[in-house]
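In the two complexes below, chain A is the common chain; its partner is chain B in one and chain C in the other.
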Partner chain A sequence: MNFLSYLISGISLGSVYALIALGYTMVYGIAKMLNFAHGDVIMIGGFVVFTAISSSLTSPAVAIICGIVVCTLLGVVIEKIAYKPLRNATPLAVLITAIGVSYLLQNVALLVFGSASKNFPNIFKWCPDWHVTEGLTVSGVTIITIAVTMVIMIGLTLFIHFTKPGTAMQAVSEDRGAAQLMGVNVNTTISLTFAIGSALAAVASVLLCSAYPLLNPYTGAMPGIKAFVAAVFGGIGSIPGAMIGGILLGVIENLSKAYISSQLSDAIVFAVLIIILSLKPTGILGKKISEKV
Partner chain B sequence: MKNLNNMNKSTKKNMVTYGIVLAMFIFCVVYTTTGMASHLFRGLLVPVCVNVILAISLNLTVGILGELSLGHAGFMCVGAFVGSVFSMAAEETITSVWIRFPLAFLVGGASAAVIGLLVGVPVLRLRGDYLAIVTLAFGEIIKNIVNNIYLATDVNGIHFAIGVESYNNITFDAATKRVYINGAMGITETPNDSNYFVGFALIFITLIVILNLVHSRTGRAIMAIRDNRIAAESVGINITKYKLIAFVISAFFAGVAGVLYGHNLSSLVATKFDYNYSILILVFVVLGGIGSMRGSIIAAVILTALPELLRGLSDYRMLMYAIILIVMMLVNNNETLQMYTQKWFGGLNIKKLFTAAGSKKKGVS
Partner chain C sequence: MKKGFMKKFAAVSMAVMMTVAMAGCGGGENGGDSSTEFVIGGIGPTTGATATYGEAVKNGAELAVKEINEAGGINGYQVRFEWQDDEHDAEKSVNAYNTLKDKGMQMLMGTATSTPCTAVVAKTAEDNMFQLTPSGSAVESIKGDHAFRVCFSDPNQGIASADYLAEKFAGKTVAAIYNSSDVYSSGIYEKFSAQAQEKGVKIVTAQAFTKDSAQDFTVQLQKVKESGADVVFLPIYYQEAALILTQADKMGLDVTWFGCDGLDGVIQQLGSDASLAEGVMLLTPFVADAEDEKTQTFTAAYKAAYNDLVPTQFAADAYDAMYVIKAAAEKAGITPDMSVSDICEAMKTAMTEIEVEGVTGTMTWSADGEPTKAPNAMVIKDGTYTAVA
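Take a look at the complex of A and B:
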């Protein structure tokens, strides 16, 4: 029975990773850049929701909407100011700029909110724990996390495949130049991608902070890097890949924490990644790139 | 003068690079011996040397080999821990610091090179971002494992454990127990042998080795792989061999920098060598101009000193650091902005200032 409960909490953690990984993978697919500041957008989202709730003016639902709106705007503004001027620069230059943005967000949070960890309130208290059998209890947060992630993933898949902006995103990720010639507004599409990615990060921040309630300016860094690994795991640029990669990563992390060693769990997660990448060099669902000579 | 004219272009460029380092060294000697240097300045010298060596060695992987590596701090970590343990163990047998310290560098560098070889074999099969993420993963694995290593000796011999549980199970002879690595607490008794004389000597050695490598037959083969892997393969260049050579040499010097770092402060913990440090080294390389050793040196010096120079801004200094980083990248890489800066500053080209004239435009594609 214990195995099942570890598995379920692993899936829950993995769902959060998957949500964050979606942001990474969509931006990579469309703008061909690694957005290292994504993890810090999560942290900002967490702080916005925390501030809104602790000011006790708003209900948690309004606070979450606030978080999503702020993160979405933040994502778009970051893209416009820092990444758009570098559209034609080398990928490495963009990477370093993203790192700069990441430092910036961390230090702004440090100045505004201080370095002490805040205790994020449990806003999902209303959801009762689910006693499946004797000895196996699934907490309310876990249920909500998995449910919310499922809904978002289905919604996103439908959006990508059946709406006009979604098709535009697919087109831009396939061939930016050709998409532009066909009348797709590339700049709007990239902004939209950042907006969606950041909104997902805000949702992820609420779920993450409800499960692991410590919030400080560096909260976003480790989940961010893990989610990045998850995105690569599934094949970067692939949306179903990010979902599978995220959930697998969460499950592996939790099971290795439970059965092998809690201190070495990070090393095990990364070792699995290396093994998978040596067997399948473009990730689980990544496309094989054929090279032209 | 005749000699100067006979030298080829690359030798002249190298001489300028050596000259810059020599000038910095002379400045440091004059500044510290005349007593004008503050405590802060003295404290900065060794970290600057460490970062310069790291930047040069990473530039070999990123600029010359053309592969993005995000795990450089991992190799540094190996070098720092092995070097420190060696120094602690050899402190009584080899009393002369003149023999012990160079040996520590060799041991630390060699062990980092061995890890580099182990990492390089699977990693160098991958391409682009996948390679970057796997090097990041290796860096994190090294950090995570070193963070859980316990190493101690007593009369019964050497005791080694991974994880605090297995460490607590070992029974020690209390009288002769000596702890080398104490898990997350790291190493606390490394002799403080590092100073900026050693640091600059190492910078020179690193520069000589890497610049000569770059301009040798091996270096040309490595650059051919960077520019066009398939074309290089078709003219008979052994891709794996040359990639490994570059990667292992890069890891060796990262290890050497680690030893210098480890002997600078008395406490050494593995969590310092996280991916943020790796990224910081990459920032030096990219900001200095990919492929330009001179640029790496200048960027490493400026960016290491910058947070300290901005100390007057107290709480805002890291914020300013981030903003400066973003603005520098935007100014350096945006065509429209570059046009304006040229208009305003005329002859003073900001890009040239930072990337140094000899930088190779063709970096990582």
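Take a look at the complex of A and C:
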């Protein structure tokens, strides 16, 4: 009974990680770079949606679309300005640039929106909580998050396997040089990857902020890192892996909080990560090359 | 990966800042004419994760300085207030202190947060510069006889909370949720649990969280629920408290919430869910909605000056800090042409002799720098803070 409720709260937390991890794994799988700014794009998305809703000119649906549009543009612009000039640089240089972009976004948000935390309205109030039994409740936001994550996961997998741009992505992922020789436009493909990844960030921002209604310029940073861990957990580059990794991370985190120590939960999560990576260096689903996007 | 990078980045920026600071030494072009005005420095985080506190301190201090100058200054001399950002980082704070010295600072009102304050207080001790922190609440933040503070120290809040619970909630069981990665929160909790034991308050469960896992509290709340506690002690800041109240409401947890000054701000944070804060109790020296005339005047002036922003306890502490400096300076009869060290000697004697009636209460100081003032128990009722009779 108690175990079940810990498990459910772990799945709720994990579903948010999973959703963010999809964006990480997508960009890594194709562009072969760790976009550390992903968490901060989520934060920007959160602020855009928050501003649109609190201006009360738009309905939540329109606000979410605003968020998706702004994040997509932001993702493409970041890629063009910060990452494209480094296309042939060492991976370390790109990584440092991504960290730089992350701080830039945080500080710009700090200037524009201020440091005080905003209270993000729960826009999924219409979805009723699911009372499994007495004292055991799954919140509406969790159900929506899991549903959205599943839909996105399936959609992305189909997109990558059955559309032309998706096949181009697979080609770029496998061998960038060869893909270019075969007439695939690498730059466009990578831009498209960033556009999709950032649009996912906007969706994630809405669900993250609805579940944990605290929005400030640092909101995206920690979930971003945890989601990155989740992506590595599941096998970075693997789309179903991101989902499994996210959920597992949330469950392990909450169970270790409940049964071992509420202070050590992060240490335990990372210890499990080390164990899994030493047994399976590519992560849980990292082996299946065919799943790589 | 990110943290390691941060350190390197900090090292490089330190080097740059030091070069700039040292270049400033020779010129002294910022020094001004030190014999015609007092130069009081202020340090706090106006960027970074704790920027809210630094901004509030800066605003509160600037408002007080403006009022003091309009009323004729201190001992007939105008006051110049110089501010530096420290991003809540000890090294940057020491740099900020050096920069302020170059600008001719004679007294320091700062720093706003505990960890940097602990680093800077060692520097002010070396220079024998008078230091008054508005809100550095860690014990070590005012080490030395030259440093004083306006706020309560963390242990004092913990002890006062345990005493209050022992008296008003005798026989009830208590649970605690605190942030083990934060000196403020864990500092209060440690003293609280020690004092609770002494006073016979039964703590049935103590749940911790860290700043890296400060979003999901369902497990901690579930544990509290299982423990059957009547009262939950929350020595934490209002951001996390807002999340805890929201999640507890979803779980149907029915307890009395009790916190310290960090909870001030929880009503605004909850926004449209402000009703969740009903019945939350807190021990705090300042709430913006208090009925007394002094608080109301301050709140109105602050709102007028800063775009309708509601002053927090940090703003009130800083506002009081400036008036405390004024009172002590007048008692000591210091003038701007005295040396920093002479000012400090005169000020630290005067501090123990004055009594200041500020917006955070009526305060006196002991030689170790701790203020004596009464904590007020407040309860949130109909969306405002009401004093508990």
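The rule we apply is simple: the second predicted complex is superposed on the first by the 286 of 293 C-alpha atoms of A that agree within 3 Å, B and C clash if a C-alpha of one lies under 4 Å from a C-alpha of the other, contacts with A are read in each partner's own complex, and residues count from 1 in each chain.
Just so we're on the same page, contacts are C-beta pairs under 8 Å (C-beta built on N, C-alpha and C of every residue); 3 or more make two chains touch, one makes a residue touch a chain.
Values in this document were obtained by computation on a predicted structure and should not be read as measured data.
Visitor: Could you say whether A:5 touches chain B, chain C, both of them, or neither, answering first, second, both or neither?
Guide: Touch partner of A:5: chain C, not chain B.
Visitor: Of the two partner chains, chain B (first) and chain C (second), which one does A:155 touch, if any: first, second, both, or neither?
Guide: So A:155 meets neither chain B nor chain C here.
Visitor: Regarding the shared-chain residue A:229, is it in contact with chain B (first), chain C (second), both, or neither?
Guide: First partner only.
Visitor: Which partner does A:137 reach: the first (chain B), the second (chain C), both, or neither?
Guide: Touch status of A:137: second partner only.
Visitor: Answer with first, second, both or neither: which of chain B and chain C does A:107 touch in the superposed model?
Guide: A:107 contacts both chain B and chain C.
Visitor: Applying the touch criterion given at the start, work out whether A:96 contacts chain B, chain C, both or neither, answering first, second, both or neither.
Guide: In the superposition, A:96 contacts both chain B and chain C.
Visitor: Have a look at where A:266 lands relative to chain B and chain C in the superposition and call it first, second, both or neither.
Guide: both
Visitor: Where on chain A do chain B and chain C both make contact?
Guide: 36, 95-96, 99, 107, 110, 225, 261, 263, 266
Visitor: So in the complex, which bits of chain C are touching chain A?
Guide: Residues 1-2, 5, 47-52, 55, 180, 207-210, 212-213, 215-216, 218-220, 222-223, 226, 239, 242-243, 246, 250-252, 268-273 of chain C touch chain A in their complex.
Visitor: What residues of chain A sit close enough to touch chain B in their complex?
Guide: 28, 34, 36, 82, 85-86, 88-93, 95-97, 99-101, 103-104, 107-108, 110-111, 221, 225, 228-229, 232, 236, 261, 263-264, 266-267, 270-271, 273-274, 277-278, 281-283, 291, 293
Visitor: Could you list, by residue number, the parts of chain B that touch chain A in their complex?
Guide: That would be residues 62, 68, 122, 125-127, 129-130, 132-134, 136-138, 140-141, 144-145, 147-148, 162-164, 230, 275-276, 279, 282-283, 286-287, 290, 315-316, 318-319, 321-323, 325-326, 329-330, 332-337, 363-365 of chain B.
Visitor: Quick check: in the complex, which residue numbers of chain A touch chain C?
Guide: Interface residues on the chain A side: 2, 5-6, 9, 12-13, 36, 95-96, 99, 102, 107, 110, 114-119, 121, 129, 135, 137, 139, 212-214, 216, 218, 222-223, 225, 253-254, 257-258, 261-263, 265-266.
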